[in-house]
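Below are two complexes that have chain A in common, paired first with chain B and then with chain C.
Our next item is the complex of A and B:
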């Protein structure tokens, strides 16, 4: 047993694993940054009365909801270089797919939270002579965004968990780093997979659990 | 587009669809059982088991399926627990799904109107009777839509099974591509296969949801 767990502080292993986690969080962070901005924009557009816009965005949303993200990653990873001659590094492909996915999910979060603002408030805003921009700035957003926060935090944890798939398209994130270590110790320490994968399991938990708690806290605050 | 190759790949995809569906239904079924069990433990506040159930729910919901599968498939054999990859897939999916189902069932139970519970108490129902006749039946109906959403989510998560060498849709596609280099064709087949599985499933779940909604709320 002693031999097994000591793998984590052998050499620079701990540092390498944490660096792998950092790589995953970086990709999640960049994607979330762009995705949330783009998704908010899409969400606002989807509250407009035009049915054409609604249908187009609905189709986009459903595509990214129905098809598993791993499949989308593969599609972009294989199709972009072969059929469009766009040869991007794996990280960039991941960020691209993540941004499209996050914007789709985010647009739905924003749309439903904006729609949850009571009709009464909107009518009052209109009665005061607000134009559309003012209506969004002073009525829709300040009142609607509160109900969007728990779902947004949940989206963040989902994105972080989903970075685990990136090893499948060759991104050297934390699980891939763990795999490399296990290969290295295959002969000397046979229990390596147990300790390393167990440790990575806990790493994800340590990152996602507080976020999940924060989302629950917010939900209770809004509800109560 | 190489139509010939697409047609020839049909049997592979059909078989993979079967594998995906079989493992997914197994996982969804056991997830639901685990969720119910956790629901009971939480409701009756069974000491120790309740803390364990809460810990389990948080662990399963805050970690990705991929690492859960790796731990089960590559880690556990090192302490003598050797399971087939299909069994590992179902166990991993149930471990993940159990937490989600438990949360949905808890949400449904919390949504049961207080007046129902108070009325039950007023006519002298015991705690067990209250659970048996009021809280669980009504709570379950209120959690149906979330349970359905979880089932769909778990079905999608099976795509991760390819990481432990299960011959699911994703893995079959990767194999075919590495053999014949027909990327476009097989990717198209992959997407279509998932659409064939997921769209009817989604429609079926929303049909059930509507029926239940009609039964519970009358609209």
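Our next item is the complex of A and C:
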């Protein structure tokens, strides 16, 4: 009898799936790298007293929160090239859209964690003659960043999970690879979807579970 | 001959519609200890905070060593190195050790030599019996110890004058004394200080001059001798009695 699970070892399948996962992690990693830096910068700016800046960033944040990411991916991948003649490879589109999305979310995480620093601590810093940069460097960040860490880890998990959408614009990430395999085995092995999706499930779990635990650990540390 | 360090003219401060400080004028001389007394909500703390640029003002002028303070943040950043402030809740930085708390401003803001400041900080800490707490974090100190470290943090900046904003108000009674004694010692050294407090006995001991405030106005400005020994104002007498009994 042919065991369904053995299709994972069939030919180059395992390698292809892992490569698909690597593609997803690569896109997530690069986007997170840039998105976190940009988002931190935006988050700091959003704590400035200017209400014009606050409104502009608020609109930006809301756009990227309200519109489904898939729609944004389609807009960037299909509409931009057709109407503006900008032809971008799908990985680059993915990274761009992800950076815009991550920096919007990140700016909110940073903003709220900086605002959580007690007003008295800020005044104490001011009374020591700190300028604005020094206030951020010595008071806002060291004290605020702790409360940002669990949300940041959660964001990383969400980004990794959301890479599954990228198959919709043709990125060969792990789910797309899986689908190709399932199609290949559709006639010969009827249980193929179970084994392949099951395996992908495990892969996502292995990547995201430790992150989830880390976030919980930090939350406890802050609470305690 | 004494020198005028700080002068305030016709200060007005509003929170929205409410007038917190009304036409407040006074000055303080070098080496003088000025105590601000008055019921809660009379504007004492607000007045102190305006002198450190932590509150904006609507009208009036503040002169520090003859220089008009225009309310620009840049100017205040420089002035705050000369007018230090100690707060009710100490506000040491919880993520830094005692020594790091003391070094931060002198080395980063005033750009002074770290080893020099370190030596100076050690001397000051040893004088108040906290020489062994250099490497402790604020959470490992008692309230009174934290407040004394906060005072040292103001002192290592070598300010021209120090503002004390109800520095014993959130301390347990048994810790109030150690803090007040420290301020008394500073008074003996002729440090220029402005003190908001509710501790009348302490005020009696340190004050050279007493300003009494009520509802945002200065209603009396006398030497300590005149204020405590020859008080004729009935409301003030009643206030003093309510605090001592």
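We adopt the following convention: the second predicted complex is superposed on the first by the 222 of 224 C-alpha atoms of A that agree within 3 Å, B and C clash if a C-alpha of one lies under 4 Å from a C-alpha of the other, contacts with A are read in each partner's own complex, and residues count from 1 in each chain.
The working rule: a contact is a pair of C-beta atoms (placed from the backbone, for glycine too) under 8 Å apart; a residue touches a chain by one contact, two chains touch by 3 or more.
In this text the structure is predicted, and so the values were computed from the model without any measurement.
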Superposition on chain A - do chain B and chain C clash or fit: fit
Partner chain(s) touched by A:212 [first = chain B, second = chain C, both, neither]: first
Which superposed partner A:168 touches (first chain B, second chain C, both, neither): first
Partner chain in contact with A:71 - chain B first, chain C second, else both or neither: first
Touched partner set for A:116, first chain B, second chain C, both or neither: neither
C-alpha centroid angle, chain C to chain B via chain A, nearest 10°: 100
Partner chain in contact with A:79 - chain B first, chain C second, else both or neither: first
In the superposition, chain B vs chain C on chain A residues touched: B
Which of chain B and chain C A:194 touches, first, second, both or neither: first
Contacts of A:6 with chain B and chain C, given as first, second, both or neither: neither
Partner chain in contact with A:204 - chain B first, chain C second, else both or neither: first
Smallest separation in angstrom, by C-alpha atoms, between chain B and chain C in the superposition: 22
On chain A, the residue positions that both chain B and chain C contact, one per complex: none
Contact footprint of chain B on chain A as seen in their complex: 66-71, 74-75, 78-79, 82-83, 157, 161-165, 167-168, 175, 182, 190-195, 197-198, 200-201, 204-205, 208-209, 212
For the chain B and chain A complex, residues of the former touching the latter: 58-59, 61-68, 70-71, 74-76, 78-79, 156-157, 159-160, 162-163, 170, 173-174, 177, 183-184, 187, 190-191, 194-195, 198-199, 202
Chain C residues touching chain A - in the complex, by the definition given at the top: 52-54, 73-74, 76-78, 80-81, 84-85, 87, 89, 91-95, 104-105, 108-110, 153, 157
Touching residues on chain A, where the partner in the complex is chain C: 120-121, 123-132, 134, 138-139, 142-143
